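What follows is a set of notes on a single structure, which appears directly below.
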Amino acid sequence: MSSALAQYLLAGLTLGAIYALVALGFAIIYNASHVINFAQGEFVMIGGMAAAVFVESGLPLYLAVIFSIGTATLVGFALARFAVEPARGASVVTLIIITIGAAILLRGLATLVWDKKIHPLPAFSGDQPIVLGGATLLPQVLWVLGATALAVALLSWFFNRTLTGKAMLAVSHNRLAAQLVGVSVRRVLLVSFALSAALGALAGILIAPIAFTSWDAGVMLGLKGFAAAILGGLGSGPGAIAGGLALGLIEALGAGYLSSAYKDVFAFLIILAALVFLPNGLFGRRATERV
Amino acid sequence: MLLRAENLSRRFGGVAAVQEVCLELEAGAVHSIIGPNGAGKTTLLNMLSGIYRPDSGRIFLEETELSSLPSHEFAAAGIGRTFQNLQIFFNMSALENVMAGRWLHERCSLGAALLRLPGLARAERRCRDAAAALLESVGLGRWLDADSDAMPYGALKRLEIARALAAQPKLLLLDEPAAGLNATETGEIDALIRTLAARGITVVLVEHNMKLVMEVSQHVIVLDYGRKLAEGDPRAVSEDRRVIEAYLGTDAQ
Amino acid sequence: MAFSAGALPSASSKALAGLARRKGLAALALAIALLPLALPNNYTYEIAILVGLNAIVCVGLNLLVGYAGQISLGHAGFFGLGAYGSAILAARYGWPPLASLAAATAAVALLAWAIGRPILRLRGHYLAMATLGFGIIVSIVLATEDRITGGPDGMAVPPLTVLGFAVSGEKTWYWLVGALLIASVWVAQNLIASPRGRALRALHGSEFAAGALGIDAARHKLSIFVVSAVFAAAAGALTAHYAGFITPAKASFLHSIELVTMVVFGGMASTYGAVLGAAVLTTLPQFLTVFKEYEMVLLGAVMMLTMIFMPQGLAPTLARALGPALEKLLAAARRKPV
């Protein structure tokens, strides 16, 4: 393997891991409520910005991480409780506009509470590159990949082993049946937003030392996460991860070998092509509607 | 022969919903398809109206092969239908629902629609009158301008029939038209089906109400586990031992 | 299932809209004719013109989103291509602006047809993603091909000329855009009230039932997609010639979102709702600039609160609230001895 290729693959996996975390957030909320949360990118921004500002104010990194994930989780919970829940039963488009409104509101709040500057977050364990084979990698890349893997493992444990996780799966399979056996659909909604916000914030914190962060950093990351979730098949966990990694790799390889200005164009062209041939994404359930 | 179906089969995942079913439907008669729940009746109807594509087998309407065409081509060829779970256009009034049913006969070009060319207003009046007359004929005269989402269930069942009739089908597929209706309303459906038959419309009826089936149909087809179990005139079928077993279990004797 | 199924606009608002079609158009014309009395300066004229241009896009987009029930998060792509197409033909190749506008709009119609064919088979969120992807691709290409488009900084656009006369001055533009808006509303309402309009609403109501009536869903979705793209492209080209300048931001994802928000905010499946949504959401940010750094927070809050408490949008809610009051007023007027 050429060292350039190894470098691109590594960059693609790093980016892909971040997209996967954001995409998982989309999938979790979609499964719980059939809502597409266009404020998902703002959770990423809040995670990164809060962590950067906490560290700037002198907090140790680990506390900054915990507090910023906590902040985002609270915001996610509030969004579900005060904006999405009161609008239950509204049409899908209406719910999309509500979450877009929330995204604008949160971006506005970020400029008020913090500022409009670009913030760096120090890398978790230094900037000394590690040489591995022909490629060099930043220690932060290992943090991104490791933390993402850990988060995925925890999520899988949560959904398969805990009662709340199982209740959430039940709601995604059959809402009415879940309600009949006593699952609180309302609680599932709240938990799904809180959980997605935490995942988004984690993504934002992990990527901040590599890409910096600012009040509008969430817009593109949110869109890419949505694209990854759709590519994988909306509502599928493995699909979200595969979609995220695929998107990251396409982008990195496109930027490396073709043109960095057009990397997003390649990514979206491939997604369009994939959707034309696989209208339900890579892992999407093929539904036969009953008439 | 109005409709001929050869060896229709359709699977869903591991379940063979319909297997090797052949049909020959005479024009001008009322044909009923009966069978226990899950026998494949609605799946068969969905294939006959082009909503599901059969995995194998062929469908002909008067020697024109329809087999794998999209559903709107089935409709254009002359097959209309109603639905077991209502598929009313709840975003329209009762009258508009029926007017939408006139599409095959009152279509217009995009340009004519955008500029509201003179001929269109006349065609619209014609369409409106035809739809109103149809609603009257199924006994929904007083619901003409009603919001469809404000109408009672029994009226909606008849609205679907009126809408299907607006397309002037040669063959009308009715999927459980009496399901959920009381005795009076079922009687009205009974009378309506007889009127349709008298007007020369061939009807395929999927129905659980055996009294209705026995009264209106000339030809009954029995499905069980996706296969055709028996067919014939209502009396012969009701006395068929296999049919009694399928419905009541083997201990029925 | 159609994208916005779950809360179809009620049939009664439709019947009402049908009844009020001619009166509505007359009222809109009257409002456009009288508005200049309340416009003190060029700046307010400018906002009114932008409202009109956005309203034209929204009237077209509403045919797709509100009536046919299909989502598009990429209409700014069509807007931007119309704008840049006409600008480039006029500025770089010396075409007369009216010809460049027509050519750009026709080209966008063709493009919409070509991409609509494969992607309109997608449903719901998958269609949203595909249209979003298209819009993003367009905006990146426009920002990157700087030799032709001027890149992220945008490009200057020659003024519109009709029969050799330059259309200039806020007042001239106001009347031009006002007339075009009335024409757009007229055309859209004609379509809705025609058999084709019923076919569109039918496939929104139930695609299965529409198919069983011989309505070819794919063809109808495609034709309305192209019509809505034409509205967007023509309005985009006009906006470019009016402003004399165009940047890729007009083709961006955020602008696409703005356009859909206007439609939903005003009230889907009502042409006047689309106009109202465009008017409110175009003028609101102008007012909110007074609040400086609070602008974004307020805009987001207004969007959320409106959609939470009026999920059907502004127009139907207002109609329901004001309808009885108006009727009472009319009844009282009738009772008065003449």
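Residue numbering begins at 1 within each chain, and the chains themselves are lettered A, B and C in the order written.
By definition in this document, a residue touches a chain if its C-beta (ideal position, glycine included) is under 8 Å from a C-beta of that chain, and two chains touch if they have at least 3 such contacts.
This one's a predicted model, so the numbers in the text were calculated from it and none came from an experiment.
Peer 1: Name the most central chain, where centre means the mean of Cα atoms.
Peer 2: C
Peer 1: Report the chain whose CA-based centre is farthest from the CA-based centre of chain A.
Peer 2: B
Peer 1: Can you compute the centre-to-centre distance for chain A and chain B, using the mean CA position of each chain? Integer Å is fine.
Peer 2: 47
Peer 1: Where the CA atoms of chain B average out and where those of chain C average out, how many Å apart are those spots?
Peer 2: Once rounded, the distance between the two centres reads 40 Å.
Peer 1: For chain A and chain C, what's the span in angstrom between their mean Cα positions?
Peer 2: 32
Peer 1: Hunt down the residues of chain A that sit against at least two other chains at once, touch-wise.
Peer 2: 291
Peer 1: Hunt down the residues of chain B that sit against at least two other chains at once, touch-wise.
Peer 2: Each of 51, 83, 87 in chain B touches at least two other chains.
Peer 1: Can you pull out the residues of chain C that are in contact with at least two other chains?
Peer 2: Residue numbers touching two or more other chains: 208.
Peer 1: Quick one: which bits of chain A touch chain C in the complex? Just the residue numbers, please.
Peer 2: 30, 36, 83, 86-87, 89-94, 96-98, 100-109, 111-112, 219, 223, 226-227, 230, 234, 261-262, 264-265, 268-269, 271-272, 275-276, 279-281, 289, 291
Peer 1: Considering the complex alone, what residue numbers of chain B touch chain C?
Peer 2: 49-51, 70-72, 74-76, 80-81, 83, 87-93, 96, 99-104, 106-108, 110, 112-116, 120, 123-124, 127, 145, 147-150, 160, 163-164, 166-167
Peer 1: Touching chain B in the complex: which residues of chain C?
Peer 2: 8-12, 14-15, 187, 190-191, 193-199, 201-202, 204-206, 208-217, 223, 227, 269
Peer 1: Would you mind writing out the residues of chain C in touch with chain A in their complex?
Peer 2: Chain C reaches chain A through residues 1, 3-7, 65, 71, 118-119, 121-126, 128-130, 132-134, 136-137, 140-141, 144, 208, 253-254, 257, 260-261, 264-265, 268, 293-304, 307-308, 311.
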